[in-house]
Structures are given as C-alpha cells and as structure tokens.
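Shared between the two complexes below is chain A, which pairs with chain B and chain C, respectively.
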Partner chain A sequence: MPSRRRALLKVIILGDSGYVNKKFSNQYKATIGADFLTKEVQFEDRLFTLQIWDTAGQERFQSLGVAFYRGADCCVLVYDVNVMKSFDNLNNWREEFLIQASPSDPENFPFVVIGNKIDVDGGNSRVVSEKKARAWCASKGNIPYIETSAKEGINIEDAFQVIAKNALKTGEEEEIIYLPDTIDVGSSSQQRSSGCEC
Partner chain B sequence: MEGETTSYPPIEPSTFDLIVVGTGLPESVVAAAASAAGETVLHLDTNPFYGAHYASLPLNDFVTFLQSHSQPSEVPEAESDDSIPLVTRSLYSSLEISSHSDEPLKNSRRFNIDLAGPRVFLCSDSMIDVILKTGINQYMEFKSVDTSFVGDVDGKLMSVPDSRSAIFKDRSLSIIEKNRLMKFFKLVQAHFSEENEEDRIPEEDLESPFVEFLTKIGLSQKLKSIILYAIVNASYDQDNIKSCKDVINTKSGISRLALHHSSVGRFPNANGAMIYPIYGQGEVPQAFCRRAAVKGCIYVLRMPVVCVLKDKEYGTYKGVKLVSGQRLFSSRLILAPSFTPLVPSTAQASKSHDAGHTDAKEKVARGICITNNSIRPEVSNCLVFFPPKSLYPEQIALVRAFQLSNNVAVCPPGMFVTYLSAMTIDAVEGKKLLTAAINALFSIPFSGNDGSRGIDNSSENIEVKPTLLWSALYMQELNKFQGALDSISNMVMPDEHLDYNHLLDAIERFFQEIYPGKEFLATSSQSNEHPNYADSELDS
Partner chain C sequence: MREAEYHDLSDDADYAASSQQGSSLVARTDSSKRSSLHEPGVAEILYSMDNVAMHPTRYASERIRGRLKLIRQGNSILMTWIPYKGQSSNGRFSEEDKNLYSIRAVPFTDIRSIRRHTPTLGWQYVIVVMQSGLAFPPLYFYNGGVKQFLATIKQHVFLMRSAEDANVFLVNDFHNPLQKEEGQQGGNEVGQQKTCHTEKPKITLVYSRRKNKGREREREAREERNGYKEDEGGRMFPFQVLHPQLVWLMNYPLMMITQRMLLIKSFASSFRENVSQRRKHHDPAQDLSIQVLEKFSLVTRFARDTTAQIFRDGRVGERKRDQSSPEHHPSRFEDSEKVPEVPVSPDRLEKTSSRKQSSGEEAATDVGMFELINFKEFDKLSLVWGKPRQPPLGHEEWITFLDIEGRIVDSEALRKRIFYGGMEHNMRKEIWRFLLGCHSYDSTYAEREYLVSVKKSEYEILKRQWQSISAEQAKRFTKFRERKGLIDKDVVRTDRSLSFYDGDDNSNVYLLRDILLTYSFYNFDLGYCQGMSDLLSPIVYVMRDESESFWCFVSLMERLGPNFNRDQSGMHSQLFALSKLVELLDSPLHNYFQQNDCLNYFFCFRWILIQFKREFEYEKTMRLWEVLWTHYLSEHLHLYVCVAILKRCRSKIIGEQMDFDSLLKYINELSGHIDLDAILRDAEALCICAGENGTACIPPGTPPSLPIEDASIYHQPDADIL
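For the complex of A and B:
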C-alpha cells in the first residue's frame, strides 16, 4: 500500500503573484480554472506522477490556507529574473511554507528554486544574476537552482526531473505513519449499493 | 508573510454577483456552488485561517478563538443613513478550561482541534457524494473510524454490532439476541430491496415511533439502545416519548440504518461505516474554498467587514465597507452565523441575547479532552455513545464521544483527542452530561485545578483509564438570525449531528432558494481539466 502513494507526489509552487504558475505552466494550461497539473516523470526506472498544485489565485491576498501546504513532498519557489522584488520575496515564501506545512525536518525539506522568464527581451531586462540566485540557494542549505523559460520551453523538462528527484527525498517516515490505511474514496465511487449489506 | 491587510492591493473588480463573509462550511459550499454556476464571487474572512466555526486549529488558537467568540462584541460605529454596522455575536458561552499537564499546550501547533466536533462522514452519505462529484476528494485524505462502543449503566463499553460480521464476532450478545438482530437487519434489507411488495414494512409501522417498532419485533433493551443511539444517533431518550424532543419514527430510523449498512464496505479499505479526514474537519471548508477559487472566486483572509451599505433611496442592500476602507458592491450578501447587521429590530434581539435570556433554547454542549492514552489499547479512532440513563438516572440526552489519534494528524504521538457533545437547554445540565462521560472514560489527576472530584474509584473497573491532560467545555448556540434586509442571508451554525447530512440539506435548499434553476455543484469536468490525471493512481 505505501508504494501506491509513493507514485503520486504533491508539489506546490509558490512565488509572487503573477510569476507563479501563469508562465511556468503555460504550455500545459492557463492558470484560470487551474487546479493542479499532473506530469508523469520517469526516475530510476520508475514512473512517478507529479501532482503540481496551482495556487488557484489564493496567493493574491496572501490567502492560501494551510491545506494547500500540507503533505507537500516538494516546494518549488519561482521568481522572475526580471523583477527584483520577486527574488527578494523568495525568503518570505520559504519561511511561510515552513510555518504552514511544518515539515518534521525543516532543515532538509526539499525545495527547488526556479528563475523564470530568462528569455524576456533577449535577457536584457534581467536584474537578478544567476550568481546572486545561486548564492542565495547555497545559503539556504544548497537548494537546487534551475533557470527556465516556460514560454520557450527552455529547461522545463529538466525542472520536472529535479523536482521529482527532490520530492522523492522527502518524508518516507512521515508517509509510513500516515498512509498505509488511508481510504481512497475516489476509487470506488461506482460501487454504490442501496439498502443493507449486512 | 506581510500579513497586514494594509499591504493588500485593492480588490478588483469592485462589483460582484455575490459577497460571502466567513469561510465556515456552509459559506464555503455556497461559494463553490455559486462560482461553479458562473456567478462572480468574493469570499472574505476576518480570521487569518479558513473555516470560521468549522475550522480545525492549533490548541492555542483554538482557545483564543473560543474566548474571543464568547464575549459580547462592542457595538461599532453608529448607523448612518447609508450604512449599517456589522456586529459579531457570541456563539459560545460557559467556556471552562482545565489544564492538568503542560504537555498539550507546549505542543500547541501539533494539534488540529475541530471547533465543531465530534463529526464524521458516513461513507455513503450525501456529503461524500458531493465531495466526489466536485472532485475535491483529491484535496483530502481519509482514515477509518475503527469501531463504535456503547456505554452501559455499569460503566462498561460494549462494541456496536453494526454489520453481519460484527454480530458474528460479538461475544456479549446471547444467541437469541444475535438471531433477533440478524432477522431485523434482514427485514430492513428486504424493505429497501424493492423486489417484493409484501416485504415492505407496513405504513402504520413506518409512521410509529421507532422504539415501539423495535419492541414489537422483540429486540432486547440492550439491542434497542445500540440501534437507537449508536446507529440511528437519536439525541434524546426515546423511551420517554412524552418529553422527548425528537421522537424518531420507524421510517427515518430504518433509512438511517440502511445508510449505515451501505456505508460499511463502500470503500475497500475502510474498516467500518465512518471515515474522518486527515488533519481534521477544517480541511473540508478549505477544499470547497479551493474548488471555488479554481472556478474564479476571489479569496481575501484577514479582512473584516465593518458595515453593510444600503441604498439611500430604497433602503435596500447595496454592498459592504471593508476595514481597509474599500467599498465593494454586490447583488447579494451571505454572512457567517456570527455576524448580524445591527438594524434596530435585531439590535433589540441582540441585547436580550447578551443578557442571557436564551436559556430555553437548545444548545450543543461540546467538550475536548486530551489524554495520554487510548480508551481501548487496540483502538486508535473510535466512537463512544452514552445513551440516556446510562451515565446517571436523570440523563435525558445522548452523549457522543469521538476519540482520534495521531494517525489522523490531529495530535502529537502519545496523545489522543476526544470530542464530546450533547444537546441541552442550559449550561449546568450540559456540563453535567459531558463531565459524567469524561469521568466514565478517563481518570482525572488530583492535582487538577478545576476542583473536580478526581479519580473514579469504582473498584470493579480493572482496566486502567487514560489520564486526562487537558480539557475544554463550552456551550454553542444553534439558533440563527434571519437576514435583516432582503438580499442578506445568514448561514447555519454547526449542528448537533454527528454527520453533515442535515447541514448539507439545509445548504442545498438555501442555494436553490437564492439561485432557482441553477445546478447545485455540477459534476467537475475532471477529464478536461487534468489531462494526465486519468492515469494516476488515485483515479484507478
């Protein structure tokens, strides 16, 4: 039974409003009406499903509920390399995640940082250098860092690979506590019976 | 982060079809349903968390919330000709906290305490159907309630034989009782099978009190008690038909029994009829809010509404003014049960309420106990029912107790949380009911600062009872105010029932009233929205 959940990994994406999923998940679907996007990832001969949770607009007024954060296997922090404030806020988002999700081992919880929109204006409008971003990631316990352009599809596949790899590092102990006998209510909704089954 | 409302950008647009204040379960379901039906919705909450009176909170926050909602609110700025102040009324009273150990509060954040407990889902109930229909089951995970017990007059707990296999396994029932019970379950099954007209229970029996029907078919007092209180969940003494406030008739009794039976085995790895969401019931309103957000509803937490705006000329509802000063407009306003616009007529009602003239009204007495051990060593999550007269001779109401463990992530390992509830008309009786159940289940340390009588000395009780570490008892109102103006509606308080069925019925009726002809929570087009989802494990 534990292997059942192992194959599905909850990934949440955080970042300043407007830079979050809108561009990052562009090629899969638009953010309006987005719930989560799923992405199959092959890793070490096994197939995993990344269930990537969109903030569904609830980040706009800092109104993401604790349920959004709970049980995440990996937290992806996204900023726009062309907007300094979005980089400055990465620390706030990281702290917010650690408070809300309260992972059992906050020091080693897997984050991934993505610098997005590297292709804008041929890179001329860029204000956050890769060096600066990597230095910040290093200072927070060597968070893996990737630069992407969702619009051009640059490094998107790599990003998913890194996310999957990091998500798999997390909380095996926690899952053993919580998951062996969770009820999968989605799986048998057709098996309705009326009246007694006694 | 940057949690100050002052840092919020202005809300855009400024006009909506519907503004909802409060993120309790009924408000959240309506927001999700209205958003799904294409309405533009703004959903606000004063608190920094979702769920309002239906939230699950860390222990410290839970205490703060109860305290702040136990005090009569100050009357805000005076009414002008175009605005009515919004007042918060206190829905809780007689809060009493007893702390016998520092450990629970030291671990405050590791608790998720339900404000509206005890509450469970029956696997086949309409709330689970709605959760599946809207696809929000993908946001939640559930665990089984392992088993149910009924407390008897000797203070012993008997297992509830609620299915054929449970009857077989039961050791406390005689052969005659087992046969009678089996026969009765078959009778009910035949009634609902619709195969044979003559298998149906006669109409006159269906209309008669369920307790009389159970007597007629020869069930023992013990079995009647199990069926009436542990399965059908009657709130009051059914043997005393004259004074009983909710006499259950056979028709509703057997349909409840059928719901229970169809819940057993609906989900392959659920042990019994009932399940509970991991991290607490507060996950449920959050799931509906996320659903609403996905459908375009705008969410703003930490945003109090200071007053309701009305049209100067017609005196009709027009919009709201937020604490940020922003004015927003909508054709309709829905308020959580704790809010009421202070128009002269309700001002009167509110005053008399605060003066404590509501004693004749039914309330729910609720209790939370944190213990160091399980009621039964082999059991993590279980229900215990104390039928009328089982705790003391004058007991007229059922006391429900629901123990949860760390495996549903509501408390730290090595601790257990037990919710209690009972219907009552006054706080003294309510506390007596809960305290009697607490004494029956737990041992209370002598060093306690609550002046209670201490450890139960009954010598025949060989089993070591769990020790009570911390407890809170409180009364919760059930009544609600009617809308002060057309286009303003108040939603319902958490009711006294163990499940969501009555609440959901009320919410659906309300939705149909305000949006006639619109579908209540249409089935989510999951296959379109999640192109890769069909392959995932959860759906298989």
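For the complex of A and C:
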C-alpha cells in the first residue's frame, strides 16, 4: 500500500520565466496558468509518476500560486546560470512557495535547485558559478543542487532522479541528512494521495 | 401541505367545469371515499397526490402547485391536475393564469406516453404526451410518488415500457397487437378506443423542413389535398398548414429542441375534430408557449422563464387571445422572414446552409415527433441546441453589407451574420478592423484609407521611441532591458509550429516583437505580460501589416488589457462572474466545485486570459474570436463558452470526483479536443437561457466590457514592471 500511495508525486517547478527546460515544460510555449508534465521515474525498483507542474514564471501571475502549490511533494527552483537576476530571485521563489503552499514542516520541505542552460556559449556567458550556487543551497538546509542543459540533454535524467528521490524522501542517507522527520513526510503524502486515488 | 385540503372544492369546481367541455360528466367525489362502483357518472379516485407542481418560471415562488389525480369514471380513466387556489401570494399568477395550466379530465385514451424523470438531484417529474403529440408541462412531484402514479395507471390502463427508453411508458400502444386484449377492461371503452385509433395515424416521422423545396412543394400540395402528411415510409399523418410563427420558430434553430414540440403542436391542433372548439378555451399562442416552455424546461428549468420572456416581448404573444391563429396565415415560408421582432430571424443563408448541418441537428429535425416520444437522444441533444453554424461569410456576401461609399449599412445584421458563421479567412483583414473597433461601421472607404495612413505615421513615432534607445542607454535602463528580454523570450515561443512563424530569423517573429515592444511604450503602465504574444499572433497573421496589426492589438487590449492587470483584478472579476454563471446554469456542478474547493475557477484561467487561444487549433481560434468580438448576444459570450465546455465535461468531472489538481490537468488536456461549433451553439443557447439573470451575474466593467473608470485602471503600483 505505501508504494501505491506514493506512486504519484506532485512536483512544482518555479523560477523566473524563460529558464526552465523545454523538456520539462514539453510545450514550446510560455506557460499560462500551469502546465502539466508527467514523467515516469524508476527509483529503487519502483516506478513513480512525477506530476510536474510548471507554473507561469512572470511575477504578475504569482497570486495564482496558492491554488497550484497545494499538496506539493517537492519544489524545484530553476535559474539560468547565465542570468544573475534569475539566481538572485531564487530566494524570493523559495519564500513565496513556503508562504503560499504553507507546508506543515517548512524547514524540511524538500526543494531541489537546478542551474539550467549550462550549454549556452560553451559556458562562457555563465555568471553564476557552481560554487556560489552550492553555497546558497547549503545555507538553505542542504538543498540538493544539480546543473543541467535542457538543450543538450545534460543531467536531465539525473535531475528527475534527484527530484523523485527528494519528493519521496526515502533515500537512506539523505533521510539522515535532509529529512529527520519521516513521520511527517509519510502523513503528508498520505494526505495527498487520498485526494488523488479516487 | 395539509391546507391543500381546503381547496378541494375549487378543485372539484374546476373539474366540473372542465367536464362540461369534454363529453362526459363527472360527479363529485370526496377524495376519501373509495367507491368500487363502476356506474357511469360516478367517479372514483384511484390516485391523488398533493404538491405536484408545474414550473412556469424558474422561481420557486412562482411555481404552481396542485393536486394530481387519477379518476375512474365509468370505464374511462382520467387524469386531472388542478392548481390550488390562492396559494401563491406573489401575484405573478392570477387564478385565471393558473387555470390555464390546469389539466382537466384527460382520458387515458388520449394519452400516448408518459415519460418519467427521476433525477438523483432535484424533484421527480413526469411528462405526459398526448396522442396528438402535445405534451403537458412537466409535473414535478414534490412529495415523490411517481412510482405509485405509474403503478396505479398500470392497474387500469395498458401500459408498456418503450423498448427504446426504459423511462418512457407507452399508454394503450396501438402498435402492439396485444394491447387490445390486454388493455382496458369493459367493452364500450375498448370499442371506442379501437375506432378512435384506427382512424388515427400510426406513427409519425416528421421529416426535415430543409429538404428539396421543389419536391416538398409537390408533396405539400398533395398533402393539402389529402389532409394527410406523407413520409418516405408512406405513412400518413394529418397535416395542417403551419402557423407562420411556428415556421419562424422552426427556422430558428436556436430552439431546435423546441422545434419538435412545435411541429407536434401544429399537428395537434388539426388532429382533433373539436379543434376550433378547443381554441376558444386554449389560445393557440398560449398553448404554443407552454409547449415551448415545457421543452426548454427539460434542458434547464429557468429556460422557460426566458422563453416566456421571449413570448411576452411580443414575439409570439403569449397571453394575447385572439391573436393570429394558424388558419389566418396562408403562406408558410415566405412569411417566416417577416416576423420583425424575432431576436434571431432566419437569414437568407439558412437556405444555402441547409445541408451542412451537423448530424445532431439532422437527427433532431428529421425525426421530430418520434424523437419526442422516445426521448432517446434527448440528453445527448440537449446541449446541441443553438442555431446551427452557418458557412463563413464570403466576399460576395460581404459587399452586400456595404453601401456605395463603403459604409456598413446594417452593422447589427453584419455582426449577427458573423456571430453565426464567422468569415472566410480572406475577409478577416478587412472585417476584423470593424469588429475590433479600429474602424467605425459608418466610415467610408476614403475615410478608412485616410485613417490607416494617419495611424501608420503615428505608429512609426511610437516605435521610434524604443528604437532610439542605444545600447549604452539600455545599460542604464533596466526596465526596458527586462521588458525587452521577456518579449524576446516569448515571441520565440509563440506559435512556432505554424509555418508563418517557424524557423530561425523569421521576420514575422520580429514583427511580433516590435509590435509588443511598441505597445509596451504605448501603454507603459500595463507593459508587456505573458499571454499578450498569444493574442497578437493571429492578428499579425491576418493583417500582415505592422501598423495595422498594432492598432488592432491596441483595440483588442482596450478590452482585454485588464486581463493582465498586476493585481489580477480583471481575471478575478471574470472568474467570479463565471462562478456565478455556473451557479445559475448548472447548480449541481457549482455545488460540486464548492465541495471540492474549486470555486476559484483557476482551471479556467488560461481559457479566459488568452481567449481560448491554446484550446483550439489556429483557424478555430480565429473563428471563435471573431464570433466573440461581434458582441452580438453578449459582450461576455466567452464566459458562456466556459460554462458550455464545463457543462459538457460535468459528468466526467463529477463522476471521477476530480479534485482541483486533476481538474486542472483534465481541463488543460482538453486542449485540441473541443468541438468549437458545438460549444458555440451551447454557449449561445446558455446565453439566451440565462437572459437577464445571466447578465446579472456579470458585474459591470468585467472585461471585455470597457472599464467603468478609464483612468484608474492601469495605475497600479509598479512593483514589477515586467
């Protein structure tokens, strides 16, 4: 039963507009409202469906967030390594999410940070170093960090793995590092699934 | 409702009065008295149910409650429904009005079928259809008892379940040879029935009015001679020249569902020998409206209210006695176009579009009465009942709307025409400018030409404002850079699958960018917002001219700009209006949304923000937009489109118990799977049904209505300029 309950994981992707990966959003279009993408991920011999919500990136639409963030299992913050402002905004996105989604245990809510578009100009136009990004992630409670290029398909599968793992919070070591409170996790995903299984 | 007992006498008085009209006399009987006597002249009450109501309007206070009875008198079984006297204090219905609805001693030999409705939500009701095809308005059983009602009938009358529909019970079905044996006991009555029935036609398949006219005329001539209607199967049916108003209604496919009723009604009046006699008591227009109302009520309860209004507004003259009776109107088709007050009168185009109807429409008109009796398709059809879509407006027809100097003589007619059919693609460049308000309808060719050139230079000036910003200056102009960056990112994500916009270095993509950037200077407060590129794309695609596209976009944004307000007020007011409309037009769905925390209607956000741009393929989007832009029935037709789509999905939404997440996903995934024509017809019908009540759901100033206070609307804190 627990495996069934967790088969569907709701993941929210946030970040300034235009930096996420089209493989995430699938449609080559600016997101209006929220787009969905489902992705099957195998993790520890089990198959999970990631229900990925890509919400509109323009700040103007943020008031919609509250409706969309409800019941999220994981929040993915994406920035463009070539645009400083998109990195600076990560904190805003994170806080906005915590306020609007108001998860039961905000300290331990699973985030993942993705630095995207590492391919651009062979990495020469990069303005945010990996070190800087990792430092920020560490300061926010050891948020897992991964760098990708949607265009070149670099680390995309890995990114999904990390997302799935964090959404599940079942990884042994990670559990010790990131998620001391497993009881809470179980109950929150149970709560969610009750809405989804019917 | 025990006090109903006090009205017993009135009940009986009416009853007695009605019996004078009929052939037999019915003696008074106390409802408590159970007589086993079968003597003629003594009536026995077999069934009596209080609180059985008709709903002439959607208002609970204006329902007419009464008592339904089954009575045996001699060998006849009669049904009566008599309104309570003096029950409604609101004054909407006078006693006289209520009497008009009374069902007085209808013998079951005259009843063809009874349809039972036992919805899980709401009251049970039955519809009693006469042999003539006439149907009484639905009878709602507030205290239940439909089952008992049917069971009682079954004890005394031959009742058979329709093979087609388990909810339809055929009474004395004379198609069934068994009927005569199994039917009513008592020689006289059976004998009577027999003769009666053999004189009557067997089955009625009313063929479409839209068939080959020449052939139809021939047939009509023959039918008129014979007094019977023919159909392909060679069956006959008594026939009368249709009332021109009926013809109007038939040509008014918005009332498609009612058409069947009307056809039936028209047959009904000639069906009986005592037709003229009856007319004295039943004004035909009155009957007609009841039938129409009745039919509408199957779709939505309050629809009847609206129909009543249509009639009341003088279109058919609901309560005006002595109004034109069918016989006074000799011509059937020609006259139909002259009915002046008709909201949607038949067009010349309707003739040409005759064969293009959807199959649903065909089914509805072709099978007429048969349909009614079986009701089989009803639920399916119930939402496809707006006017059939017409072929798009083409050039030849377009020029007929223009006078010699290029003015549009009758803009209302033009808007109506476009509302029902849209236009051919090559007409869009010219006509969209009128719909959007760039050109006024009464402008001449010369005036428009002049305006275009003036506007062109005006555009150039606006464009130069940002073009003149040097790279150096831009470094110190963050807002500009950010805004431009956002636009750059969006134009390359806008309709790139279209060949018009695809490929690298596509000049049309630059066109989008330049226009959007210029617009963000033209309306700096509003700036650029995601979704705008979606709105602009079809305009550029149609106009193929930078300045003209720009001004069309400006006009469009005058109405839709509030969709992009920083505080989302424009969107919220529309979503709010939508929730009110759903509450009005589909309260169970509304309740469902309420219970499932979906009342914010964010799942319709994309629909409204960019006017369904992502929901339909490109051509269909343009079609929808030009229809919406006509503002023909409502400025807010788009909200009725939302309701129409939701209504079509309601059983799935409720059936699968979707929560907000799955609902949003489901709605998003409807994209590309919505039948535009059908939805437009639904939306039209819903809009008309909702009438004033619908308008009342939409607060003034709700986009795309022009804002009430122009000035304040964009003046919002400029926290994020993007």
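By our rule, the second predicted complex is superposed on the first by the 141 of 198 C-alpha atoms of A that agree within 3 Å, B and C clash if a C-alpha of one lies under 4 Å from a C-alpha of the other, contacts with A are read in each partner's own complex, and residues count from 1 in each chain.
Criterion: a residue touches a chain if its C-beta (ideal position, glycine included) is under 8 Å from a C-beta of that chain, and two chains touch if they have at least 3 such contacts.
Note that the coordinates shown come from a computational prediction; the quantities given were computed from them, not determined experimentally.
Residue contacts after overlaying the shared chain place A:K10 against chain C, while chain B stays out of touching range. In the superposed model, A:S129 lies in contact with neither chain B nor chain C. Shared-chain residue A:N92: touches chain B; no touch with chain C. Of the two partner chains placed around the shared chain by superposition, chain B and chain C are both touched by A:F68. In the superposition on chain A, A:R60 makes contact with both chain B and chain C.
A simple residue count on chain A separates chain B from chain C, and the partner touching more is B. Judged by the touch definition given at the top, the superposed model places A:S102 against chain B, while chain C stays out of reach.
Looking at the shared chain after the overlay, A:F36 reaches both chain B and chain C. When the two structures are aligned on the shared chain, A:S139 is found in touch with neither chain B nor chain C. Annotation: chain A residues 28-29, 32-36, 51, 56-58, 60-61, 63, 67-68, 70-71, 195-196, 198 touch chain B in one complex and chain C in the other. The residues of chain B lying in touch with chain A in their complex are 1-3, 8-9, 11, 49-50, 109, 123-124, 128, 131-132, 135, 137-144, 163-164, 167, 182, 185-186, 188-189, 191-193, 257-258, 261-262, 264-270, 275, 278-279, 282-283, 286-287, 289-290, 293-296, 298-303, 406-407, 409, 529-533, 535-540.
For chain A in complex with chain C, the residues that touch the partner chain are 10, 17-18, 28-36, 51, 56-61, 63-64, 67-68, 70-71, 195-196, 198.
Within the complex formed with chain B, the residues of chain A that make contact are 1, 4-5, 7-8, 28-29, 32-40, 49, 51, 54, 56-58, 60-63, 65-68, 70-71, 89, 92-93, 95-96, 102, 177-179, 181-189, 191-198.
Residues of chain C that touch chain A in their complex: 485-486, 489-490, 493-494, 496-497, 529-531, 533-534, 564, 566-568, 600, 602-603, 605-606, 609-610, 614, 656-657, 659-662, 664-665, 668-669, 720, 722.
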